[in-house]
Structures are given as structure tokens and as C-alpha cells.
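Quick one: the structure is below, questions incoming.
So that you can tell them apart, the chains are marked A, B, C, D and E in the order they are listed, and the count of residues begins at 1 in each.
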Amino acid sequence: MTTAATRSPRRSRRSKPPWVLAIPAIIALAFLLIPLAGLLMATPWTSVGELLIDPVTQQALRLSLATSLLAAGCALILGVPLAWVLARVQFPGRPLVRALVLLPLVLPPVVGGTALLTALGRRGIVGAPLESLFGITLPFTPAAVVIAETFVALPFLVLSVEGALRAMDTRYEEAAVTLGASRMRVFWRITVPLMAPAVVAGTTLAWARALGEFGATITFAGNFPGRTQTVPLAVYTLLETNREAAIALSVVLLAVCVLVLVILREQWLRPGALRS
Amino acid sequence: MTTAATRSPRRSRRSKPPWVLAIPAIIALAFLLIPLAGLLMATPWTSVGELLIDPVTQQALRLSLATSLLAAGCALILGVPLAWVLARVQFPGRPLVRALVLLPLVLPPVVGGTALLTALGRRGIVGAPLESLFGITLPFTPAAVVIAETFVALPFLVLSVEGALRAMDTRYEEAAVTLGASRMRVFWRITVPLMAPAVVAGTTLAWARALGEFGATITFAGNFPGRTQTVPLAVYTLLETNREAAIALSVVLLAVCVLVLVILREQWLRPGALRS
Amino acid sequence: MSAQGQELQRQGLERPGLQLQAQVARSDFVLDVHIAQPRGRVLAIVGPNGSGKSSLLQVVAGLVSSAQGIVVVDGDTWMNEDTFTSAEKRSVGMVFQDYLLFPHLSVQENISFGLRSRGSSRAHARATTADWLGRFGIAHLAERKPRQLSGGQSQRVALARALVTQPAVLLLDEPLAALDAQTRVSVRAEMRSHLSQFCGVTLLVTHDPIEAMVLADDICVLDQGSVVQCGTVADVTRHPATEYVAKLMGLNLVSGIATAGTVALDSGGQLVTTNSDLTGAVLATLRPSAIAVHRQPPQSSARNAWEGVIRDMEHLGDRVRLDMEARPSVVVDVTSQSVVELGLQPGQQVWLSVKATEIDVFKAHDEA
Amino acid sequence: MSAQGQELQRQGLERPGLQLQAQVARSDFVLDVHIAQPRGRVLAIVGPNGSGKSSLLQVVAGLVSSAQGIVVVDGDTWMNEDTFTSAEKRSVGMVFQDYLLFPHLSVQENISFGLRSRGSSRAHARATTADWLGRFGIAHLAERKPRQLSGGQSQRVALARALVTQPAVLLLDEPLAALDAQTRVSVRAEMRSHLSQFCGVTLLVTHDPIEAMVLADDICVLDQGSVVQCGTVADVTRHPATEYVAKLMGLNLVSGIATAGTVALDSGGQLVTTNSDLTGAVLATLRPSAIAVHRQPPQSSARNAWEGVIRDMEHLGDRVRLDMEARPSVVVDVTSQSVVELGLQPGQQVWLSVKATEIDVFKAHDEA
Amino acid sequence: PAESRSELIVFAAASLTNTFSDIELAFEEVNPNVDVLMNFGPSSGLVSALRDGAPVDVIATANTITMQSAVAEKLVWEPVTFAGNRLTIAVPEDNPAAIDTMADLAEPGVLVAMCQPQVPCGIAAAQAIAASGLKIEPVTFELDVRGVLSKVILDEVDAGFVYATDVVSAGSRVREISLPVGAAEVVNYPIATVQGTTSPEVAQAFLDFVNSSLARDLLRTAGFTTPTGVTT
């Protein structure tokens, strides 16, 4: 970290974080990273290799990646409009709705899964007609995994994007309107690009949350290797018999996640990447 | 929701959400709210009353509120500086650090708890010296609950605030600097107020996440009624013996959360509450 | 609908152009204006800061949803008690006081945005944009992002963006304010040639009286949300209704009661004029350069002479402007040479004189 | 440290004021300036858009960390090869082109921010702020938030905010640009009185030559990142080094070779002058109002007469400015009356004449 | 009974929640100086916590495998089996797939849930299925028996392999379809004193109490079987 006294060589002129800020920042970082380091130290590295060639693990990784990306996509498609409505449209009860949107965050995951079952399960409010009319049953299918992950991930996206929308200078949109842009055009050409950093950040968050989703998935989608067993479920399964392998698998999950994030952030989340 | 054709009565002039946006927004809302409605329908309302007077529940609620608020506070104190450093200080490996900060989000919570034990447990990297030097043991204490909750909640705050910092016009800070403000003064009087909406939103998220925390808590802090049994743990325990009561307790948790959020949002998160 | 509203709308249908009659209430400010402007003419809106100039433009553009009143353009009712055409359906072009260039789009994309929004093909938009980039001398900036532009460069892009769509009403909120003197002259000339070809209504907010005189046909002076004076540039320049307007136009304005060619001034003193037809409340203007300065009581043919003290002096190029404390108090322009010869300096007592033929007297406006 | 740097620093220690010698490289733009400005004097920095005026102020304020060079103020080295005083430790006051008022603070808090940052007590800051609020006529806005201000009101607050701390160097980036004509005159007068009491260095970026002449003692003209001309207002006005500077000052500038009172112009044609001492490369200025216009070849005492075509006409208050295509090409100011009498209109062929006594000839500057 | 008031920390498997809460009250009545702190969680998690240095005096798990690993790592003293549980089949109260016998689970379209084969209830179910020779293909392998029970209660599956105690705790919301005689696998619940305990006497007193007839009655009410006194 570049910190320097007032009189200092050329390259460190701009970035002199005050220590009063750097100290809590370092503590925060240590707090987050030491447990991760501990985990790495506890990881039996030899078994990581074995795990990676195990077809069950590979299936779980593939399923996890596929479902979490789909869930992030669903969250994006559903969440951005919802965030827009919450930020920009006046309607009665909006504060309540804004609070309700946060709830999947607070709900103990297993209860979240139960809630999904009461809605989309065989006997659920929506699930029962779905089955009797179209013969579609969601639980115990990969679709259920995506649904469970979307359910827990959606609030992240909505929150990020809504915040950005509120912070945005609405006069850019006004300027676009005076240029004859329809609401849709304003939305897609002005609003969305201006909040792109927040949308990318929110989608990243949602994806990360979906990747780690456990409670709602096991409750709503069950645990069937190759079909609904994502990596976190595989970790739990392994925890019963082989703690080291479970930790190793978690580390693999983390590695995938870090890889994607670093690539993504370098591409999209550089300061001003979307602006300059 | 106010939507109207172009020629419309006075009050609906401004807010005409295009249906193409309103439809996914409504689907998103339904997707989040129908499961919650299902949960409410499955709730045995008579037992909610009983639950509320049960001292064990009361203890759990008190503990949950106290620890989640403390965790949100810790996240605030540690997270805002960390976000500032990540957003404003150039240092080698920053992209990696920014990705690592997200990891507690992806980590299956039980593995997160395990990671905390490897760091802060009696045999942990930091925990062992802590015990031998100061006689402090953290696991299975209320402090451990706060730590576990902070661990999972911190990334939320860092992400929200960092995003806001990057979106902020740094020239306000430049203007403050030319007025002779020290870095600390700029930070507290300009940066923090300008990003206050994001800080409030991030803290709210962190608090909500802490309130619902389960996996890391049960692993790192145990499940002792009255000491470390937060509401999600109580729900877990009740699921074993009294399913209906467990759902009822979840609903109580949700109600508390909605109440706090609605109050908070009305006070702090109104559009422009902190600006005008 | 009120009778007045119906009348306005009838007029709107008959006379092409802009009929505006609107009220906007803001915290401690009320805008209440009535403006009718035919097509093909440019109306300059001038007034002090906070007088509601920008708000007026926003009402026409449809950006103030709380506005009450009527907006009719070329017979189309954009707003009345029952109707509200949303902003994107109004054919307006707008240049904002602080640019509002889209930060994520390049200069060329910013300019073609309006064309594409209004349905131009990509190729047509590109060609038209290229043309305008050239006209504004910013072709070399086409691929830049707004944050890479200097203030003045941004303003030119904003101008081009609004002009490119050939709107029915052009709304310009201080479009030249950020340009430097040289560029301003060339862009102003360019703009004037565009405005003269432009057959719609143009509303131009400006602080600069020269800009108003050069670019506009009519002037509307706002103060505290109300119209103080409206008229052609010549009328307003010659017969300013208030001292504010006169000062804006670089003239001295005095008021008084005329009797047989002599005006007894309200502020004390009197002026002899050549106009003996007028009686009653009148206004009179004195050009600053028409007033002569003397160290001694003047022995000249000038029929008006009075004493005063120099309050302040300002150099204006090759002239010096004296701010006089006198009856009447006026500003006087003298050459630098005179300053040296007469040894003028603030605080000094001098004599002023003006020929009766140089005083323009006219009846006090009804609305004043 | 380079010899030049040591020399500059030595000078800085001896002469109080600002010694600046700096380079900034930006994408396709390089600023390279050398300026020395004593205390108590106001330096106006003028130049076209994008010429680097704002960048120059940022270097002095310490906001451009990539700047190379030397900044010495009153003997304090703010920047050289080894030293970099951070921005908050530099005693500067700055007014930004786009205000940058803190949106979450009230007007009064915005203004007192600098005082509090520099350690004033709450009571002292409040009193001083109240004083300045009064001076700028914005006391009634004290409790408003910036978003509740009009553009001009914001600018005045920004101005007050920078002036209140009595800095060693005052940096003003078009401080009056957003004010309306009337307010601008009063704020300009107020500002002039402040600047005249102010014993530090003032750098004033402006587009308005009148503002430069009224407020500044010295003028520095920038173009494309380089200093074109520096000097006192009178010098620069009288002897502009380039056509750009002359135009800025409202003068015509021509260049040529002088031989015994006659100047053979580089652009073709010649001028007879009364100065027969000068020989070699010279510049000459012609005031637009000193040039007369005729429909026929003039039979007057004026020794210089030439033919041309009216390219453009602009009304400027009671005068009309003609843009002439001729040898030399000049701008000419005539009265409205002349326009009517001579029936002038764009495209018309006319004769111009100027007296030899009205032509100011001087040696071409070395740096030009 | 100890002289001064002391704490006894008991880690117990989640399925023991009801019974051990009752036992705690009864024990504290007899030993007013002892404050028993109960921590309920998944057996494997409890042993992990123990391994990581959790302050524990007594640990009771829902299977012998995890306890054996604790014994092998010298975390606990020799355990005793204090209760047993019997594998059975639970169906939703209205029995939508009309299950009458275990054989019906092999019908196509019948949704069956069981525990994952890594945990005792999954091992037991797998053995029962193998022993029956039926081709039963579950749709989900739940992480623990409670997951199976949830799915049955919520009517998401037509049948699930659970323990007898689960059928008792679920009350009227599920119906039991008994396994054929001999196919009913039994699992044992061991309890042990932790090696590092600071109050071994109280721990021993608690162990004795769990094996007392009073505790056995409580266990039996909850559906547990009484072991034949064998140590595991």
C-alpha cells in the first residue's frame, strides 16, 4: 500500500491513505482473510487433485456453475426492472415492498426453502395448479436449483441497482427524453449504461450468493448427485464422512469464484471501465 | 402502481412505468412474495402468541437483535475504511484482494464457521496465542456469535460502499482539499456524507444478513439457549421438535426485520433524504 | 376548461408558433408567465439569477410535471387542464445550462442520439452527425467521451446535439456561456445562420445582452417569476420598461412627469427634451456615451447640465465607464484620453451635460 | 536539480509572489508554461477552450499529481523535482468552473468549511461567514442546500467559499461566467475591491476580455498549452502579439515589414503610418471604430484606403460590427445610422479608410 | 451431586432435542447445583467442534461412526449406548401414492426420499433396500433424517425412510408403514464423557442419569428403543 510522508518521491504523490483509515481497513482485511488462510492451511492439497478427477465432484462443479450463472441471469432480468420500479415509480405501500424484497436475505435458508415449497411445491399455491394443468413439477429438478438460487440472489441485485438508481442524476434521463427517446430507449441507452457498474456489481454479488447457496436448495430441490447436488451440497455430504475432502472441495469452489471475480473485475469493474 | 396512457389525469404525469419494465418487475415481486405468503399461510398464528411469551424465544430474539446490531456496527467500522482503501488506494494485488473480500459470500456457511475455528478457535492461528497470552477463548461465546455474523456480513457492506465510492465525483474531495481540509476531514465531512445513502444501504444489508446467519454461527459459536442460540438457531432446533413453531418463529424474525427496515428506510432511505 | 384557456387554444390553432401560459409553484418561488411567440422568430429570455428562466424552458419541454397552464405549439396542445403530452413526444431540442452530455457515449453518439431516438436510420444519423460535427469544428473530438472534453468543447457538443434533430421548438439555456470569446463569435455566427433558416420557435435563455441582441428577434425580461417586459429587441432596447432592463441594455433610464418638453424626474432634477408632445408619466433613456463630462459648469449648447460625484470607474477596452452619484444618477462612458485630460478619479466632483436631442422620451409602458 | 530550477527557486525566495514553471502531459495535449506573478497583482489567464487554463490552475493547487516542474509561492517551494506539498497544505482558494458546492452542506456550511478546516473556532467561522454572506447578497440563502440554488446563486456561493479563507494564491476559474449582467457588475465591483485589498497572487481564468481588463493587472494568453503573450493589461491591449489576442481585445492586428513609415502587409496591401522610425517586422493595430466606411473611393484626408466585401454583420447595441473580407481583412464598427444611410448589407462592396494617426505600429514581439 | 454450582456442557445430536431437553430439566431437579447447557447440532458437526476445542463435558451422537472417530482421536472416553432407533417408512397423512408395503415404493412414479448414504439413516435405508431386493430409486438423498421427514410432511414425496422417533414427533401429520420384519435396521445412540472435561464427576453423574429408568421412560415415550446394555 502506498503511503508516504508529505515530502515523498514522485510516484506516491496522490495515494496517501491516512493511517486512521488504513488501520481499520487492514484489520477488516485480516479478519476476512485469516480464516480463509486457516482454511487453506487445513486443506489436504493432495486430496484436491483426487477430488478434481472424481466425476461426482465434476458433476457438482458443472451443475453449480450452470445453475448459478442461470440464477444470476434470472436475477438480472427480473431484478433490474424491479429495482427501477422501486426507485422511480411512486405507488402506495412502496416502503413495505422495499423492505419485503430484503426478506430472503434474513430468512433462515431452510425456512426459505420451505417457503418455496409452500409456493411452488406439489401442494403449493402455484405449484399445484402448475402440476395439474401442465404436468410440471419443479422440486427435485435442476430447475428447482435455479429457482432456489434466484430466490436468495435476487435481493442482492435489486438492492445494488436500486441504490445506484437513486444516486443517479435523473437529469441525464430528462435530457434523453427531450431528445425524443422513448421510456424504453431511455432505460436501455441511458439508465442501464449509467448504472452499469452497479448492475455488474449486483450481478456479481447475486452470482456469488447463488454459487454458495445451500439451505434453500437442499430443501426445495433436494440432493441428487448429478441432478441437484451443487458444490455446497456436495460439501455437506462430504462433511459427514470426510472433513478434509469437504474443506478441499470448498477451497475448489472458492478458487473458481476468485478466478471468475478477478477476471470479471479486471474487465468490467476497473475504475471507470464503463465511463471512459 | 401508477401507469397511464399519454393523455392522462394530472397526478400520474411523471410516473408512467413502461409495461415492458413493469411486467418483469411484477414477476420478480411475485417470485419473492408468493413464497413469503405461502409461509404466512402455513403459520399457526395461535402459536405465535405462545412463542412470544416463551422465555427461550425471548432470549433468542434479544440475543439475535443484540448480536446482529453489534455485527452491523463492527462491519460499519471495519468495512467503510476497507471499502475506501479498495476504491481509492492503488496497491499491488488489489484486484485479487477485492475478489477475496467477496469470498465469505460464496463459502458455504458451515465451512465459513470451520474457517473461523481454524483462525480463532482454541487451536487456531490467532485463537491459540489469544488464549495462552490473555486467557481469552472466543468460540461458543456470544462474542463468537458477533464474530461469525460480522464475518458473513462484512462483504455486503464493503461491496455497497466501494461501489458508491467509485461512482462518486472525486472532484468534491478535490474542492475540499483546496479549502485546506486534511484527509481525515475530507473523509468524514465530504466522502462519508456523500456516500451516506450507500453506507446506510450497506449497513442495512449487513444487518439483515447477520440477523439471518445460521451456518457459521452454529459451527463457531454453538447452539446454547440463552447464550449463543440466535433466532435462526432456535428455528433450527424447533424444526426438530415443533415444525409449526419453527415456521412461526421465522415469521416473527421476518416481522422484526420488516419493522426495522420500514422504519429505517422511511427515515434514512427516502429518495434524497440525506441530500436535500 | 377556463374561458382564457379556450381562447389561448383557439389562438394556438390559428397562429402557428408557441402559446404559453403557465404557473409553477416552488418552495419560495412562483413562476407565472404568459408568452406568445410566432414561428421563425427567436425569443431571448433574460433576467437575473433565479428569476425562473430555466424553469420556463422546462415547462415547455414537459419536464415539470407540476406545472399548471397551457402550452400550445403550432396548433398542437402539449399541455392544458386535461392533456399532458409527455416530454419525449414533444418536438423540442434543448441545451442545458450544465451540458448533461451522456458520459458513456462518445461525442458522435451523443449527437446522433436524438436522430436515432426519432427513428433515423443508422447511416442517415451518422452522416447528419458528421455534418454537424464539421459545422461546429469538433470533428476531431468525435470519438472522445464527454469527460475528456474541456468545458467549452462540451458546450459545443451539447449545442450540436440539440440542433441536429431540427425540432419544432428549440430551447437554449445559456448555450454560449462557456465558450471563449473567439469561439463564441464563430459559433454565434453559425448559430445565427441556423436560427435564421430554422422555421420553428426558439427560446434562448441568456445573461448576455449582446447575445440577446445578436441572436434574438424578441426579448422577454423575467424577474422573480414574472414577465417584466416583452417585445422586439429594438423596442425593448429603445424603451426599457424598468431600470433593470435599461441597465441590461447598457442604457440609463430615468422616469418622471413630462410637461411641454421638460421632464421633472422622480428622483429629483429635470431634463429638457425635444419632444414637447408627451405629457404625463414618461420614461427617458440616455446613452452612456452621449453624456459629456466637464470639470467646470459647461458653457456649451447642451441644454441639460448637472453636477455629480464619480462613485466608481471601470475600464472597458478603450473606454472608461463612470458610475455617477448625481441627479439623475447615471453611468457615463468616456474615452481613456478624456480621463487623463480631465484627471478623473473616484470621489471627484464633475459636471455632466447631455444634448436635448440625445434624450429618448417615451410614455411609461402600461405593464410597467 | 537543474540549473534552471535552482535559478527559479532563488528568484522565488527573493521576490514574493508566484513562480511557476510546469509541464503536464495529457492524452493529446501538453501544457508547458512559465509564469512569474508578484504579490498583490491579478493575472488574467485567457485563451480558447481546451488551451489548458483550468489545467494550469490545477497545477498550482496541487491537484495534478503528474505535473512536472516548479511551483514557488512567497519563497515556499510547493513543488519541484523532490518536493510536493499536498494540496490541502497549500494556501489556495479556488473557484471551480462548475461550482462543486458540497451538496449535503448548507450554503453557510459550504462557506465556513474552509475556515473550519484551517482551524477557525466555530464562532469565528460563523461570524466571518455571515459577513461574507452579506457582502455577496446571499444572506437569505444561508440555510439552503446547493440543489435549491439557481446557477448564478451557486456561483456566488462558490466565490464566497474561496475568498473567505484569505489564501496566499487565489485561483478563479471563470468565477463570473454564470452570473447575470446586473449581478455580475455588482459582484465584479465587490470582487475588485476585495482583490485590491488582497495582498496575495490572484490567477483569474476568464473568457471575457472586459472581465480581464476590469479585474486584472496582467494578462497571460494561452494557446494549445503554451503562453502566447504575457504582460500588463495595457501592454497586451495595445500591442497584441497575435491576431487571436487582438481579436480578444476587440482590435484588428496586422503584421508586415515597415520601411520609412509604410508597412507592407504580410497578407497583401500596405498601410501608411506616422511612425517612420521603425523598420523591419512590425505589428499594427487598428481600432474597429477608427475605420471609416464609404460607398465610393474616399476623397478624404485619410492616407489609407482600400476596397473590400462585407462578409457578415452583427448588431452590438448601438453599433454594428462589420466583418470585412479585404486586404487587410478587418472588423469595422459603424453606427446604426451609417448602416441605414450607406445601405450596408452582407456581400456588398465598400471602401474602407483609416487615418495614419489612428494606426498603432510596434515591433513584433520577440516571443511572438 | 457437586458442592458448588457448576456448569455441565452437553453436546447432543439434533434428533435428541426433545428428550434431552426433558432430561436436562429432570437432572437439574435432582442436582440443583448443576446448570446443564445443551447444544444441539448435527452429530458430525458436534464432533468437529469438539475436535476444534469446543468446551464440552458430555457428547451424545445419533450414530456410532462419528463417535468412534472421536474415540479414535482420543477426544472422548469409552462411550455407552443409551438408546436405539428403528428405521421405518413415513408417508404423508393422506398417503397420496397409496403405499401399503415397502414393495409399493418400487412402483414407477412413486417419489421416495432417503438420507444420503454417508449418514447412519442413509446407511440403514440402503441396507434395508438391499435386503428387500426391491429396485427403489429415491429422488433425493437428504443430508439428514429431518430433511426426509420435512419432505414427507410437506407432501413433496410419497414416502421416506425415517426413524420411528420421527414418526412419533411428527404426530398425525405422517403415517407409518412398517418395514418387513428383519428389514428394520436399528441404529444406536452412544454417549461419552469428553477427555478434557473439567468436571468428570458431574459428567459421569449425567451419563448415569441418562441410563436411569427415568430417562429411559422419556426416551421410550419419544419412540426410542432401549438398548440391551451393550457398549458400542
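Annotations
Going forward, a contact is a pair of C-beta atoms (placed from the backbone, for glycine too) under 8 Å apart; a residue touches a chain by one contact, two chains touch by 3 or more.
On a predicted model such as this, the values are computed, not experimentally measured, just so you know.
By number of C-beta pairs in contact, chains A-B lead all other pairings.
In terms of the distance between Cα centroids, chain C is separated most widely from E. Taking the CA centroid of chain D as reference, the farthest chain centroid is that of E. Separation between the centroids of chain A and chain D, computed from CA atoms only, is 55 Å. Centre to centre, using the average C-alpha position, chain C and chain E are separated by 88 Å.
Each chain gets a centre from the mean of its Cα atoms; for chain A and chain E, those two points are 36 Å apart. Of all residues in chain E, those touching 2 or more other chains are 45, 48, 150, listed in ascending order. Among all residues of chain C, those that touch two or more other chains are 86, 89, 148. For chain A, residues that reach two or more other chains under the stated contact definition are 16, 114, 117-118, 182-183, 236, 239. Those residues of chain B that touch chain D in the complex are listed here as 171-172, 174-183, 185-186, 189-190, 193-194, 196, 274-276. Of all residues in chain B, only 1-2, 14-18, 20-25, 27-29, 31-39, 41-42, 77-82, 84-91, 95-112, 114-120, 124-126, 150-151, 154-155, 158-160, 163-164, 166-167, 182-184, 187, 197-198, 201, 204-205, 208-209, 211-212, 214-215, 231-232, 235-236, 239, 246-247, 250, 253-254, 257-258, 261-262, 265-266, 269, 271-272 touch chain A in the complex they form. By the touch criterion stated above, chain B contacts chain E in their complex at residues 110, 114, 117-118, 121-123, 127, 137, 139-140, 218-219, 222-225, 227, 236-237, 239-241, 243.
Within the complex, the chain E residues that touch chain B are 9, 14-15, 17-18, 21, 37-41, 45, 48-49, 52-55, 146, 150, 153, 169-170. Interface of chain E with chain A (complex): residues 44-45, 48, 111, 113, 116, 118-119, 138-143, 147, 150-151, 154-156.
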